[in-house]
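All chains are identified by letter, namely A, B, C and D, in their written order; residue positions are counted from 1 within each chain.
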């Protein structure tokens, strides 16, 4: 009885496999489209970031003639509203309703955490094009989860080394009380204290409160050698302006994770001049690779690309590498994963590889604001690898 | 007058101040079973404040309220109501979306609240239904039981007010202008009802319709600016010189 | 009219019971989510529509139910539904007891804001402390089980369980609102002063309604946590409290059906305007369509979606019925 | 904390409080007088900030520019906007349940936010303060204080006084106050209540837009900025007592103090402090600090 059932099953499987093969060979020239689910913020505070990521992603696909691994791409978009409480539903919508083959998203860390959970449960390939939550390539790491951006720890850690080398001893940190800020500050503190400095005060304010005056006064009173900060978007603009208006910019140098001055320089104006930040991208890398990318992006979208566009672009590159390796059959998860792990990704930011936990091993640049762009100063930390604490892969 | 145990509600030396303003100044009065005690006075004389204090809606600044021989000054309004004090309001305070019967039934439910019986239909509560029907009948609303209360005529709404009051089986009734806005015929009906109720209840009547008051009241208290200036039988009040000067003279 | 309402509800529940046979996996998921929102909306309807207490912090009870589910689940092995579910409901109800006991001292808009304040307190406790994973939220590692009877990991089983909860809550509230307790709440909504004068101590009634409502919201939170396996501080944010309030107003206050209809309408409108198949690139501006539809609903449907059949009937019967309609629309909160 | 720092923190608290009052004061009008729970208040603030950003170049090329010219044009547009909004969206709602108005304003939030995205985009922008206000003043040897912030504080005080004066001393204010307590009575006095409400609504919108424009150089301009101020505005109005200008001012200053010193002294709890404050005040005085009347 048992044997017969097993035979039955194996025959069925064999037939199915055969028929699958035959359809494959029939469609060798015309594989079904690869469905890419873009789960990005299209409304609210992060809408501009979501659009930049999508633009970057599409640019690479267009450069490949609209195909990755021989399969045409079909996009399915979902607005994640940067709302983690709706995230699981939104991912499920892409996976169960639209049957996407790949997930790309998102900007907000909490949303990315929910996506990672679903990706882990269902085995769908997920490429995170921005959200820096350490946990995505930490405790939540999985063979099918990749990141094309950074971990919050990385720019912070790199900046800690820079600030320590500059000879600053006493530093005050200031950020919003939320995961991204905490993780960035932790990374900074780790390398800065290793380098002989001390963080004398960690200032926090509730997210998304932007009334900094009280904390600026605290900074003035503490008279540190330097300040390290993590803010983004509207908060970053206001912080930089308030810091300058309080007269602190002249007396206490301000350092930050790169988002402090990315996409915000226009709004910050002169108050951002000469600020030093660390990030995995800069506006004037002046490498042939980057120049080509910037030109193509500007031509296609009549916009200057930013770090988010690069991250989107690289997400598409990583997908392309994997897809080519499996010849368009994304169900071969292990091979897909192995190919991306081994790959050197030829990013506009400079070539990077992936760590064991699938976070970019990349150069973190020290940049300085000048002429409305983040100019490259030097490489703050070469091929920096996220420690991937808690990853059991 | 009469047996002191017939005094169902007594207010002694009730004073109420609003900031520096004295709305009531040491007002005392007794309500006896079998009598209609009318309180009259100009607008702002403190009649409504008096009712509100007696019924427990607002606390007095000083003074005491006694209900059925018990000091209830510190009691909440609902507790006084359950102990047998019913009141009606100057403005209609019926539940306009409910039927007439449901208005009465809800009032009657106050005496048998049992809120924990969440699985039984309130309409199945025989005790409150019987009471509701009886009180509606008494107030002359027999034919209108299923009518939505908001659709009643003004006079009928006033009747419903009384019916809701009665549904709680009160011993004392505080009626705030029950005749306001009524036509002649409706007034007659209401006065007849009051006359009938008086045998078993003590009634406090605040009313502007002087003819009606002098016809039905057994005892009249006249208030001016929060102070009682006269108290006695209708005849006594009618002939009191102070009242003539302070009040009736103005009419 | 009464039978038609009854038939509507029965038909709706029958349709929901048939749904998994008709719809795909996503359809089942979507309706599961909406049913959870419907339970949540029903909890608020008990306060706003039935008692006249506008609570702007309902998400706190939902969130506490959800967080309790995750935090009470042991690291190893699945907890039993039999104790986990009641525990979550009780915790939410307990917080409701505290919030209600304090906030019921205030009235009207002040009540709205005090309930908001308590919800924000819960929000910041979860958001700013490591207790519940901070801003990134926290995962539910294993779903509760009921022996071998019920495996909530299976979408179909979970759908059935959620539907059962919805029917249970709906039935419970229907009975509750016809009972003496419910009639007293209705009286309080229309005229609390009169209720007190009649002999009802209204405070305990309102507090009881608040606690029951909190418990039901906790149940919805429990279901949500089990469904997603992930909870996040945003579940407690005022946006979510606001959204559920919008659902019941949209559906029509004063009717349990209104909460059901509102939850479905709100979610489905969002799905509709987000649909790329219909709106193409413009789908990313779905807020616009949703906002305009809400405005249209306010303008055209004074009694919410629940009043649509009545309005249509009135239209058919002619003008005279219309004025009565308007009067009835005003009356419940007059 | 030494004494100088303490003084500066007090100044910070005062300044933040005044800014809060500025943002919340338009809400007091609409909320307190018309009884409309206006969730779209944050949107009007957002519209103001975006006007300050988007109008400046336009006004610059037409009228020769200037911060105050932009402000004036913005105010005119705001009054028009408020007047038309009340006419089209609210005039038929007063007879209905208040919650219907809430639903309406919620719909408006969504629409405004999306129109903003369609018309101006989703980027973050800065707005320049006028040159003559752009400098800073030294504060001891610790830090400097931007003159523009002091200017805002000044504007807030003037606005508070003006509103107080209009409310208590003018015929319009009397009508408004009477209208807030008793619609029918005002109507019976022969005052056109519909027109009165339209004016009040327009004024409320104008003040919110004005606040957005004035605050834009300090706060910068970004998507979703309206939502972040909405709740704190309600907190200010409710703590102060609905419809009370004095109350709103006092409440705003109180929140300024609690928030400022909370961040410094109790950073772990700084998010929750404002709400604890509100809960405590309302439990102590269930009608807010100053009952309007």
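Here is the rule we go by: a residue touches a chain if its C-beta (ideal position, glycine included) is under 8 Å from a C-beta of that chain, and two chains touch if they have at least 3 such contacts.
Just so you know, these numbers come straight off a predicted model, no measurement behind them.
> In terms of CA centroid distance, which chain is the most far removed from chain C?
Farthest chain from chain C, going by C-alpha centroids: B.
> How many angstrom lie between the centres of chain B and chain D, each centre taken as the mean Cα position?
For chain B versus chain D, the centre distance works out to 48 Å.
> Find the geometric centre of each of chain B and chain C from their Cα atoms only, then give the gap between the two centres in Å, rounded to an integer.
Those two chain centres are 42 Å apart.
> Which whole number of Å gives the spacing of the CA centres of chain C and chain D?
32
> As a quick test, compute the distance in whole Å between the mean CA positions of chain A and chain C.
Between these chains, centre-to-centre, one finds 36 Å.
> Name the residues of chain A that each touch 2 or more other chains.
Counting only residues that touch two or more other chains, chain A contributes 43, 177, 206.
> Any chance you could list the residues of chain C touching two or more other chains?
If we look for residues of chain C contacting two or more partner chains, we find 124, 127-128, 239, 285, 287, 332.
> By residue number and range, which residues of chain B touch two or more other chains?
Counting only residues that touch two or more other chains, chain B contributes none.
> By the document's touch rule, what are all the touching chain pairs in this structure?
Every pair of chains in contact is listed here: A-C, A-D, B-C, C-D.
> Within the complex, which stretch of chain C touches chain A?
On the chain C side, the touching residues are 24-27, 29-30, 33, 124, 127-128, 134-137, 139, 227-230, 232, 234-235, 237, 239-240, 274, 276, 283-287.
> So in the complex, which bits of chain C are touching chain D?
48, 54, 102-103, 105-107, 109-110, 112-114, 116-118, 120-121, 124-125, 127-129, 238-239, 242, 245-246, 249-250, 253, 285, 287-288, 290-295, 297-299, 302, 329-330, 332-333
> In the complex formed with chain C, which residues of chain A make contact?
Within the complex, chain A touches chain C at residues 42-43, 76-79, 83-85, 87-89, 92-93, 96-97, 109-110, 113-114, 117, 121, 133, 135, 177-180, 182, 206-207.
> If we count contacts the way the header does, which residues on chain A are in touch with chain D in the complex?
43-45, 47-48, 51, 177, 203-206, 208-211, 213-218, 220-221, 233-234, 237-238, 241-242, 245-248, 263-264, 266-269
> Provide the residue numbers of chain D that touch chain A in the complex, in ascending order.
1-2, 5, 8-9, 12-13, 15-16, 113-114, 117, 121-126, 128, 136, 138, 142-146, 148-149, 218-225, 228, 259-261, 263-264, 267, 270-271
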